[in-house]
Structures are given as C-alpha cells and as structure tokens.
Amino acid sequence: MLYRNQKLSETKVFKDPVHRYVHVRDQVIWDLIGTEEFQRLRRIKQLGTTYFTFHGAEHSRFGHSLGVYEIIRRMIDDVFTGREAWNDDDRLLCLCAALLHDVGHGPFSHAYEKVFKLNHEEFTQKIILGDTEIHAVLTKVSTTFPQEVAEVIGKTSKNKLVTSMISSQIDADRMDYLLRDAHFTGVSYGNFDLERLLRVMRPQQHQVVIKHSGMHAVEHYIMSRYQMYWQIYFHPVSRSAEVILAKILHRAKKLHHEYYNFKHEPIHFYSIFAEEVTLEDYIKLDEAVMTYYFHMWQEEDDAILSDLCRRFLNRKFFQYVDFTDKWEVEEWSELLHLFKEANIDPAYYLVVDSTSDLPYDFYREGEGEERLPILLLMPSGELRELSRESYIVEAISGKKQTDKKLFYPHDLIYNGEDNRDVKDRIIRLLESK
Amino acid sequence: MLYRNQKLSETKVFKDPVHRYVHVRDQVIWDLIGTEEFQRLRRIKQLGTTYFTFHGAEHSRFGHSLGVYEIIRRMIDDVFTGREAWNDDDRLLCLCAALLHDVGHGPFSHAYEKVFKLNHEEFTQKIILGDTEIHAVLTKVSTTFPQEVAEVIGKTSKNKLVTSMISSQIDADRMDYLLRDAHFTGVSYGNFDLERLLRVMRPQQHQVVIKHSGMHAVEHYIMSRYQMYWQIYFHPVSRSAEVILAKILHRAKKLHHEYYNFKHEPIHFYSIFAEEVTLEDYIKLDEAVMTYYFHMWQEEDDAILSDLCRRFLNRKFFQYVDFTDKWEVEEWSELLHLFKEANIDPAYYLVVDSTSDLPYDFYREGEGEERLPILLLMPSGELRELSRESYIVEAISGKKQTDKKLFYPHDLIYNGEDNRDVKDRIIRLLESK
Amino acid sequence: MLYRNQKLSETKVFKDPVHRYVHVRDQVIWDLIGTEEFQRLRRIKQLGTTYFTFHGAEHSRFGHSLGVYEIIRRMIDDVFTGREAWNDDDRLLCLCAALLHDVGHGPFSHAYEKVFKLNHEEFTQKIILGDTEIHAVLTKVSTTFPQEVAEVIGKTSKNKLVTSMISSQIDADRMDYLLRDAHFTGVSYGNFDLERLLRVMRPQQHQVVIKHSGMHAVEHYIMSRYQMYWQIYFHPVSRSAEVILAKILHRAKKLHHEYYNFKHEPIHFYSIFAEEVTLEDYIKLDEAVMTYYFHMWQEEDDAILSDLCRRFLNRKFFQYVDFTDKWEVEEWSELLHLFKEANIDPAYYLVVDSTSDLPYDFYREGEGEERLPILLLMPSGELRELSRESYIVEAISGKKQTDKKLFYPHDLIYNGEDNRDVKDRIIRLLESK
Amino acid sequence: MLYRNQKLSETKVFKDPVHRYVHVRDQVIWDLIGTEEFQRLRRIKQLGTTYFTFHGAEHSRFGHSLGVYEIIRRMIDDVFTGREAWNDDDRLLCLCAALLHDVGHGPFSHAYEKVFKLNHEEFTQKIILGDTEIHAVLTKVSTTFPQEVAEVIGKTSKNKLVTSMISSQIDADRMDYLLRDAHFTGVSYGNFDLERLLRVMRPQQHQVVIKHSGMHAVEHYIMSRYQMYWQIYFHPVSRSAEVILAKILHRAKKLHHEYYNFKHEPIHFYSIFAEEVTLEDYIKLDEAVMTYYFHMWQEEDDAILSDLCRRFLNRKFFQYVDFTDKWEVEEWSELLHLFKEANIDPAYYLVVDSTSDLPYDFYREGEGEERLPILLLMPSGELRELSRESYIVEAISGKKQTDKKLFYPHDLIYNGEDNRDVKDRIIRLLESK
C-alpha cells in the first residue's frame, strides 16, 4: 500500500483536555508526531511568559499542534467529506499542515523573534524542507509533498481552500488556541461552541465559508477572541516579563559583540547573535536551554545582565503605567535624563511597549495587506461578508485597539537612599501622568 | 501591626483553573509566594514524566502549592473558624505549611530521589530552616516560626490537628492534586466533590474528622484517588520515561566516578554525585537545568549516555511486558546473558519496575508504620473508622495492589541484522511469557 | 431573639447545578422557601415554551429564585459587608426581595400575560402584600416589612442601591438566568465569569457600580446576554409555540364570552376571562393546571380550539418566514383573503410576531423611560458610564434589534386536496418573499 | 427508496446538555420523535419526585430517550460499523428500541406502578404494538418491525447482542441516565468517561463486551452508578415524597371503591382503579393531569385525601428515622395502637419503606434470575467476567445494600395540644430507637 494511505491497525488516541481525545489513524501523522522536531514542541510553551500571570498557562505547543490537527481532522471527516467542493486528495496535506504549522517556533517566541529578527513561519518551512526527521517522513509521501505542506503554511499555496482552513480569521489554529488557553488559564472567555462552528463550515473553491444559520456562533467566536486578547494575551504583567526577556537577549548580544568575557559562554547563541542562524542551532534552542542560560548569567559580572536574569527567574518584573499622549517630548527627555542621573540605564530599565489588535477585519479594495474576510453562505447560495449581516461584528470591524505602557523598575526607584532626590523627581514625573 | 497579622489592602487573586480563584490577603503569604525558592516551583513539573503520556500534564508544582494553600484557607475560613476545637492562632502556621509543603521537590522528583537517595521532605525542611528567602520571611513572624512550619511538614509537630490537614489520607495536598491532575490531563476520574468534603470536615483535637453525612463524598474521593493512581500516575509509558531518566542519572554518576572525560561537565551534579549535596546546589537544579544536560549529553562519546538522553528527549522509550511469576530464575539469567551477548548492556536496557498502592488503610495495633485512619463523626458524637461504615472502603482497605513490568528497548531487539539470532532468542523468550 | 435575626442551627444547603450549593442560614429565608406560594414556582417553567426547542430547558422558576437569592447573598456576605456605602440592615430586605422577585409569574408567563393583560410584577407584589403564607412570614419580621420588600421588587423603593442589586442592567436576576439557562439548554453562550463580576461590584449610594478593572468581565456579560437572547430566548420555534398558546387562550376566552358550551368548563379561568382575576385564582393557575385544560380541550367540538390544543401538546407548531418590508399592503390583504377562502381562519392561523431587544442602553436626558446605566468606578474614584470606556459596548448601545416573523400552518396549506388551488396561490405568495 | 433507508436532506440536531448534540439523519427516527406518544414523555419527569430534594432534577424522559438513542447511534456508527460481529441490518432496530425504551412510563412511575400493579415495560410494548402513531411509523418499516422492536425492549428477542446494548449492566440506558441526572442535579458523581467506554465496547455474538484496556473505565462507571443510587436516587426526602404520593393514590382508589362522592371525580383513573386500564387511558395520564387532580383533591371533604394532596404540592413531607432490628414486634404494635389512639390513621401516616440495590452482579449457575455479567475481552481473545479481573468490583459484586426507613408526620405528632400525652408516648417510642 502507498505510504500516504497506510493506516494504523487501530486508531490511537491522545487524551486531550480540550477535545477529550485526539484520534490518529494515518501512519504518516503517527510518524510525524514521533519525530524529534515535533517532540521538541513540548519544550516551547504555547503562551510564552503568560504563565507568570496565569499560572495554569504552562502548556506547550505540542498539545496545541495536536489540537489543530484534530479540529482539521473532524472538519474533514465529519463535515467536508462527500461535499462537492471538497477534494479528498487534499486530506493528508491538510492534516500535515495543521500538525506542523507551529513547528518552527522558538523559545518564548515573541521576544526572541523581535530581538533577533527571526520569523517562526520561515523556520517552520525550513524544518519541513531541510534535513530533518519531519522532512524524511513527508518525503516518503512524495518528493513534492514537503514543498506542498510548506506552501500551505506559508500561505503561498495555490490551494486557497486548504490554506484558509489553517490560517484565516476563523481557522483551526485560532479555534484550538482560544479553547486551549481558556482551559489552562481557567478563564471562561474562550469557550465558544466549537461543535456548532464545525457543523456550519462549508468548503468552497477559494475558502471555507460559514452557513448563515451559524452566524451567531461566529459572533461568539469573535467576541471570545477579543476577550482572550485583552484579558489574557495582552496582560501587562506578561508583557513586563517579555520586556525583561527581550532586554536580557539584547544585553547578551551587545556584550557578545563587545567581546565581553562571559563566565558562561553563549555558545548556543553564536550564530543567532551573528544573524546567521543555522537550522541546527535554531532547533537546539528551546526554553529549557534558554532558561539554563538565564540561570548561569545570574552569576555574570555584568550588573545589568545578571540583574535582568534574576528578575526573570524570580518574577521581579517591572511596574507599568499607561503611556498616554499626556507625555510631552520634553518630559520624556527629562525622564530619560533623570534615569541616567540615577544610574539606571534607560536602555534597559525604561521601556515603552505597545500592543494592538484588530478583532476582525475585511478586505477593502486598494488597501495593502489583505485579510481574508469571513463569508456567510446565505440560504440563496449567495456569499455575504460577515460584518454586513452581523451588527455586532460590524461595530468592531477594522477598529484597531492599542495599548501602550511604560515599564520601569519600581523597586530601584522607590527604594534605597542613593540618588534619593533624583529618584523622587522621577516618581513625581511618573505619578503626574 | 505585627507582621503575622498584616493584611494586603485588597485581596489579591490568582486565576486558577481548579479553584477558579486563589485568594491571598495575608502579607506573609504574599511575601512567601514572591520568594525565589517558591518561584522555582514553576520549573518543577507536578507529575514528572507523565506529560509524555498525557500531554496536558505539563503543569508545575507552583499551581498545586497555591491550590493546597487555597483549600486549607477555605477549610479554615469557611468551615473551622468559630468551632470549638479550632484555635485560630494556628491559621497562619497551617497556611504556610500548606503553601510550602512541596518546596523541596527536585527535578522529576521520583527518579531523581531514588537514584541519589534524596528525600524531598527533608529538603523542604532544609529550605525552610536554611539560609533562604523563605526562611527570612518566616523568621519575621517569629524566631521559632520556621521550626514550627518545618515540623508540621515533617509530621513531627505536636499539633496533630494541623498536621492532619496537610498530610493524612484525606488532606488538602491529595485533594488538590487529584482535582488538578484531572483538569490538566483531561480525565474525569479525579472529580470528587470538594465543596461537599470541605463542608463536612470538622476539627478535633487530634485530627480532622468527617461528619457521617459526608461518608459518600469520602468514598467518592477514595475511589477517585484509586482511579487516578492506576490510570494516570502509574501509567507504564510514564514509568518507561522514568526508567530511562533514572538510567541516565546512574550512567552519568558512574562515568563521573570513573573519571570519564565529559564534553559537558556535570558541574551542577558534583555535590549530588558525591552524595554531599548542599542546599544551594539542590535549589539550583531544576528541570530546565537537567534538561539542558540531557541536551548536551546527546553529544557525549559514551554510547549509553548519549543514547539514553536522545531517547528521553525524543520520547523513544522502552517497551514493556508484565513481569509475572512465570519467569523462572534460569530464564531470567538466560535473558541477561543474551542481552550481553547481543551487546545490549542489561544494566541499562533491561529494567524491572514495580509500583504499588494501598488505596486506603487504617491503623492496626501492633503494626509498624501507622497511617492515620479516616474517622467519621457519628450523629451521637462517637468517632468511627471509615471502613467500618462503608462497605466499599472496607472492601479495599489494606489491600495493596502491585504492578511489575519489564522494560526493554524494542527497537534494538527487533531491528537490525547484527546478532540477529541472539536477538531472535531474546524475542522468543520475551514473547513466551 | 428577634425573628429577623434568627439563624438555623446549621447552614442548610441546596445542591445547585449553577452555584454548586445555595446556602441558607436565616430562619426567615428558610420559612419563605417552605411557603406554598414559593413551592408553586416548581410548577412554572423558567423559560416557558423554550423546552420545545431546547429540550433541556425544563427547569422551573424555583431553582432560579434560589439562584438569585444565592448571588445576592454572596454579593453581600463576600463583597459588600464592611464597605462604607453598605448598610447591613438592608441585608434581609435584599435577600427576601431576591428570593421572591418572580413569585407572581403565571403559567407560560409571556403569552398568558399578553392575552389577559396581566402583569407578573403586579402579582408578585399582591402575593407579598395579600393574604398568603409569604405575607405571614414577612409580617413576623415587622409590619412594614412586606411593603418594603414589595417596593424593592416594584422599583418604587427609596432604597436605590438595593433596587439596583435586584433589577438593573447588571443585576442578580439576569446573572442567574443567563448562567442557569445556559446550563440547562447546554449552550456555552451564557457562561460569563460570575466570580469575577461579584468581586468587582461595589455598593454606592444610588446603585451598584463596577470597578474599572472588571470592565472586560462586564463586556463579556453583556455579550453573553446578547447571544442568549438571539440564540435561545427568541428562537422562532419557541415563539411558534407561544403563538399557538396565545391563540388557544384567545379562542377559549372568545368561546366563553359567546356562551359556548364547553365539555370541560374553564372554571379556573372564569375570573381571568372576566378580567377580574382574584389573587386566589391567580395562584391556583400553574402549568400543570393549564396543561390539563389543553388535554381536555382536545376533545371539544370547536375545531379551532381542539386543533390548537392538539398542536400545542404534540408539538405540531406553525412554520414561519421572515416578515419583511417586502410585503405590500395589497399582498397582505390578499393573503388574508386567501386564507379565508381556504377555510383557514387567519385570526388564529396567520400570525405576525415581532420581538426585539436592546442589549444595553444608557440614560439619555429628556427621554422617556429611564434605564439605569452601568457605571464603572475609575481608579480616580470618578464614575463613568460603561459605553464611554468600552468600545464594544459603545458599538451596540441603544441599538434595538428586531425580528419579525410570519407564522402559518404549513401542513394545512401544503397538504390535502380541498381548496388546492387557493392553497397553491397562498404558497406562491408566501414563497415569493 | 425504502422507508427504512430514507435519510433527511441534512442531519438535524438537538442541542443536548449531556452529549452536546443529538444527531438525527434517519427519517424513521425523525418521524418517531414527532409522534404524540413520544412528545408525551416531556410530561413525565425522569426522576419522579427527586426534584423535591435536588431542585435541578426537573428534566423529563424526553431528553433521556434522545440521549439513549444518541449513545447507541455513536456506538454503532463510530465503533461497531465494519466489525465482524456487527450486522448493520440491526442498526435501525437498535436505534428505535433505544429511542422508545421508556415510552411506556407513567406519571411518577415508581409509586404509580406499585400502587396499581402496572409495569411500564409492558406498556412500552403495548404502545409499540397498539393503535398508536408510533406503531404506524414502525409498521412503515415492515409489518414485523414493531414486534421486533418490542421484543428487544422486552428482552425476549433472539438478538442477544442488540438486547444487551439497550439493557444489561452496562447499557446505553444507564450510561445516559447517570450522566444526565448528574448534570441536572449538579452532582459530580455520575461523570464517568463515556467517550472511553464507547471506544472499548466490542460487539460479540451474544452481547457487547469490553476490551480489557477499558477495565478501569468500567470500574469508574460502576462506582458512579453506586454513588448515584445512594446519594441521589434513594435520597430519603424523595422517598418521603413517594410515600405520600402512593398514599394519595391508595386513598383515592379506596374512596372510589367505597362510592365516596368526589367533588372532582377521578374520571382519568376509573379504568386504572378497576385494574382494567386501557392503552388510551394509560397514555392520557401524565404528570400534568395527575398534578391537576392533586390540586382539586385538596378541596375534598375526605380529610386524609385532602391533607395528603396538600402535603405533596406544598412539600410538607413526612419525617423519617432508620427502621432497624431494634424494633420489637410489641413496640411496633404499640406504635400502631398509639397512632390510632391519637387519631392519626397509621395506614396512611406510618409507613415503612425499604430500598435496596445490587451495584453489580454476575450470573451464578443454578440461581434464579440471571443478570448478564460484564465481560472483558482479554488480549488473548478470551472473555473474562469483570469481577475476576477487578478487585474493586469483586469486592462489591453480589452485595445487596438495603436501607429501611420509617416515615411519619412530624408536625402532627410534635405539635398541637389534643392527645398530647398519647403523642408524647409516640415521641418517646420513636426517639428510643
């Protein structure tokens, strides 16, 4: 039998707290799960630093990847199979892309990618196409199969329908993570009705669309997403942890470039600092390794590096205030100046972080980046963009919400006698806003 | 105001997936949570290697410790306060012991303790009494307070009631972990009715007892515990992971003692290998650090060490069969012999692991170790040992159940052409049982 | 001890699927629950005819009333007690009003009230003030107490704070029914975070306000409410059941006024048909009694009454189409005419039903009816109306959504040979829209 | 297309709080649900009088019947289809039997059947075979089909496998009601892992068996069942309600036989009192009708009947004490005598009720009634009776537990001055036990 069609003798199941069970029947999927690159996802947390705020959020990308696979499997096996617009030859492609879509994530992805100008989607594709166990499995399906999978994940595939199942404004990725993150953090916001959404999804040539009767379920999903972003993902305490993480990485890179003599050399980071990261090095770096470095760097002589590492490991994060328009340029300059005067390097200890989200958007002709709209399939067969039918979605579409905060080390500024009056001026300035 | 009585200006809450919220009002508790030794618990998984079998079980001892604290807090504040046998002066002692009871756990505790003959309860006490941030906080309560907390955890306290709240056959520790592990793994077995159990608990001079009307809730709790042990905690795949973990540690220790020249020196293990572990070294070793070593040791020249590390990280565990009485001594000798002949060192690749549990037991006079029985408070005021009232508990009391398995590397034995006929004899022997 | 302060010797609990347990400690509350008027609520469904659509929705107003009481109890005991603006003398008033707020509901309230021009709030007050067991209990508290309770429920009380706890846009009534109806129907929409909402509520002189940090929880609550209305409460199948129910009552009343000779005389309805309903008659009529009449009236000679009763009991409801602006007056006249020609009385068999909801509104000066806005308590102490802070709420405030449907008996029109061509013309007209 | 193979154009779903959704695709099933006899189940509560104790338990047999159908549907479609021992021709038979298995229940079944010596299984068969809408639908499948369905429900079918799916010690009926009753009452006891149980069920020639790997799931199910029986189903307060219900029916029957002149004649009961109940009368009697009579009979002149009806409607039940061996025959005679002396008729006001359960049993040769044992399918293919493998089940098998209680009207005996000293002697006697 062709490898692509091989089935396990009995369905294997993974007990899953979100989907109850994840079902695997295809040999290809089973083999992919067993690869070292996929197992590595156990060492990358799904929500980065969020567990410092919501202690339940310690789950890894491993379970999420299985979850996205399971949603796609159910979408295909329970709903799409047998429908006109669905080509069952795409099934395996779709399942593999779902399972592997996050395989290129690095440790604490967000800060890591930003500091080193890396992109996890790019590495997902490299892992699929490079010299890896995953590549070896996919190649057994066909020589072009790794490329096909990579293109779906990279959104360059000609197969628009499959692409939309994995990444769009209502894709399996988002559906799984909202439910999963809600379960692990313990909040109720993310609990939209997955069963119903699956039942109203319909394959069409260019994308998945939603039966009109499921409109309220989509609204619920969009509101869940909105709530999760503002209550969980953008929580300022987690952002404070990320700010410190980013500053650690910045500092280590800078020290390395300045030939600082590390007690514990950052060998795992050499090619990353040089911005010539190899696939092998990339894969080696997971959260255990990174955390190990933070441990060791607590002992470095560089006061900034060791302080930041201690802060990260022991959860002594920065405080924050809203960073609003009330800040005049002169005041800001003064603040920077005062920090320096107080011997607190503002490059590491005074950080503005801005985050924003667009809960839902639709394509407007002539605009730059295209976001695939959510389309409703009306009883007449016509397709209508969601916000034209839902006045709740209409109300929030295209409205970007932004939160800007200023992070600073409360302890250094409010405690201690040295530079007391400079620090008091800092305090007055901060508290005047 | 005395430090022991200081309250936060507003109750702080931790969102918790098991208890919804964990409530902290006491300054002492807040300060303890902020210590580095307590934050370290985020880097020690609650269920060791179980996440390899139940992928949701990635939660750490941090959340569990908060959970035990919260159960004790509710027990006291919602049920005990105002009752005759309860002395409110014990409240803080009880809360601190609950919060800190697991603080001495090491990475992947079970295998780690066994190989190095360490005991986490002993280290919990050392952390409480030693030169640590936790000690500093506790000392601010009173100079004798650290000792009092340590004695409750060590079960040497004269305060039997408080001790029984933290460790007995129906204590806050077990109650939290059953619920928590059920939530994270996604199984339904652990879901006994905590609300009801709390409401029927009554403080008495020597221990917590249970109102007779709550007997069925206790039965449910005991059956939940039984199910969790056999379905989750003793799952053979997790035990296979532990077997490998233990063998890695054994091997590294042996190599170290034989002056093997490590590419990556086990500096974090020196005092542990020497069986003279210091508190400082103990605390430094968490699962990130240990995992880092496994990463590095994949590259060692020692074939056994590098193979075992690869197996652990990539989840290529040993297979297993029941190890029953059917094995004759001679057969076993032959098996060992065949492994050696096939060049597979049985000291590392052929492992018998036995696990057993006593779902409930009661004290029998004249017997060695005493287990505090669960006592029911009858309407008459009389106390009756649980198994005398519950025929279900009676049926299982004192009945130890044991599971013995033989673990071996399926891949090495079933694949490859070298020593093929020796290996085939191994297979015949294994499959004859 | 004063009756108002009497406590039960031990807290009594009711197992509740929404709040886990409902706790009763006050003798007054215990006595009220035991009255026949309160027990009668077990025979009035919480959601009227909704169980025909969502079969789980068979729960009565009894559990809901306990639930509202429990929310208020927790609000007071866990959050308000000890705060400046809270007067603990109001506690009992508040608990009683919460428990009794729905006691005046009749069978399948909505249709019943509309047809007979009754108002359940008015009857709630009559039951509290009239010659009832409830009145007797309340009077033992004080002679003016029944009046005080009635005024809170009637929203004429001077005690604005207490009134707002029971009825406002974010009151205990709504909070309980959203959660409860979600539990029983099995949908996930209603699951906002009650714990969090309770924790951020603050008593103020004129109303309960919400701490600013709880804004997202309020948004979630409002969106839950919106979803429940459109997905559950306004479901057209339940409305179809209500249409039939209303028509049964209309028909019976008309027949009675026309001296129709009932086989089963509507003795329970005499004073209601006469629009001079007595309190005693009102209380006697519950859903068991009304259903009994529908049973009996299936055997009446009047074809319309017996047909409608059969339809109701056996769930043979009317079909529906959207009733839009596309209908011209002439077409509508024609439709009425055709129904008559086909011998299907449009007064009973052609019904337009319109339903609408305002998800959230705030007071606009100069407008008629005032709706208490939801106020956020800012860190500065200032109060801000919710929609000024929440752009999601802003988007939907004051926007009334309406759904208008036309109900008709599909079976009578599509089946049968008599008047076939008239019926075909009806079909063409209906399907042209 | 044959009626038995007709499918709806799209799957219809019922939102269900236990199974999320119940899926219907077969036209036959859809038509059965629409019959008046099936819709009647909405007016029969699943748990009779339990809602007086657990107020959430107001759900009817309608939802349960859908649930049993859904479990069977999943068992067949997700697990059995394609397996050797499964004959897909039995699918429809099985689904119909599942859906209809409870259709013959009367109002408050337990007391009703006992008093009138009726049997709901017998009436289920009569409804399937008699002149009913259900019969008409089934006959369209084939002329013998009603008989086949009736035999499965009556356990006289030759098709042992199908019978065991619907009624055995681990059947779809029990699986649904445990989960459903747990959901509605709000207790956690009934939550065994249905998903897992379904996945390990295997069809065999004579019955469904369970894969050995699912043994712990079966244990959990059996323990859940045990807990539900003793905590919910046998709760003494619900039994007290049943005692009163039975006594009302007894009294009415007796009065009728004695030519008592009812103000409200029991016309619905004539054929029942005469023990010649017709199918038509049987079907007409539901809980609305019965409750209506209780309402009316509150006004009867017969003091016993009116008092008992008031007690039932207003939840003024009898108190109870354990009825143990401590009662001597003479004491019991004395008690009866004292009741008469106090003018409280012991035939209605002094009731011993005994209830018992066998949590699990297996067939023992030579014994009378056979209970189908639960069989485990071992890896070897051998079948082993459950209690031989599970020591927990072994411990409880065949052990009947019994609870015997004495019910009496606390109010009549403890209050009032008439016959005070006789009543005091009653109290002394009752309290001496």
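Order as written gives the chain letters A, B, C and D; numbering starts at 1 within each chain.
By definition in this document, a contact is a pair of C-beta atoms (placed from the backbone, for glycine too) under 8 Å apart; a residue touches a chain by one contact, two chains touch by 3 or more.
Small disclaimer: the values here were computed from a predicted structure and weren't measured.
Participant: Pick the pair with more C-beta contacts: B-C or B-D?
Facilitator: Most C-beta pairs in contact, of the two: B-D.
Participant: Which one, A-D, C-D or B-C, has the same contacts as A-B for more than half of its contact pairs?
Facilitator: Interface equivalent to A-B, from the options A-D, C-D or B-C: C-D.
Participant: On a C-alpha centroid basis, what's the spacing between subunit C and subunit D, in Å?
Facilitator: Between these chains, centre-to-centre, one finds 32 Å.
Participant: So the centre of each chain is just the mean of its C-alpha atoms; given that, what is the distance between subunit B and subunit C in Å?
Facilitator: So the centroids are 51 Å from each other.
Participant: Could you please state the distance in Å, as a whole number, between where the Cα atoms of subunit B are centred and where those of subunit D are centred?
Facilitator: 44
Participant: Give the residues of subunit C that touch two or more other chains, as numbers and ranges in rising order.
Facilitator: Residue numbers touching two or more other chains: 20, 187.
Participant: Which subunit C residues qualify as touching subunit A in the complex?
Facilitator: Touching subunit A from subunit C are residues 187-189, 191-193, 216, 219-220, 223, 226-227, 230-231, 391-392, 395-396, 399, 401.
Participant: Quick check: in the complex, which residue numbers of subunit A touch subunit D?
Facilitator: Counting only subunit A, the residues touching subunit D are 13, 20-21, 195-196, 199.
Participant: If you look only at subunit B, which of its residues touch subunit A in the complex?
Facilitator: By the definition above, subunit B touches subunit A via 14-18, 20, 34-36, 39-40, 42-43, 51, 54-56, 58-60, 62-63, 66, 183-187, 284, 287-289, 291-292, 295, 313-316.
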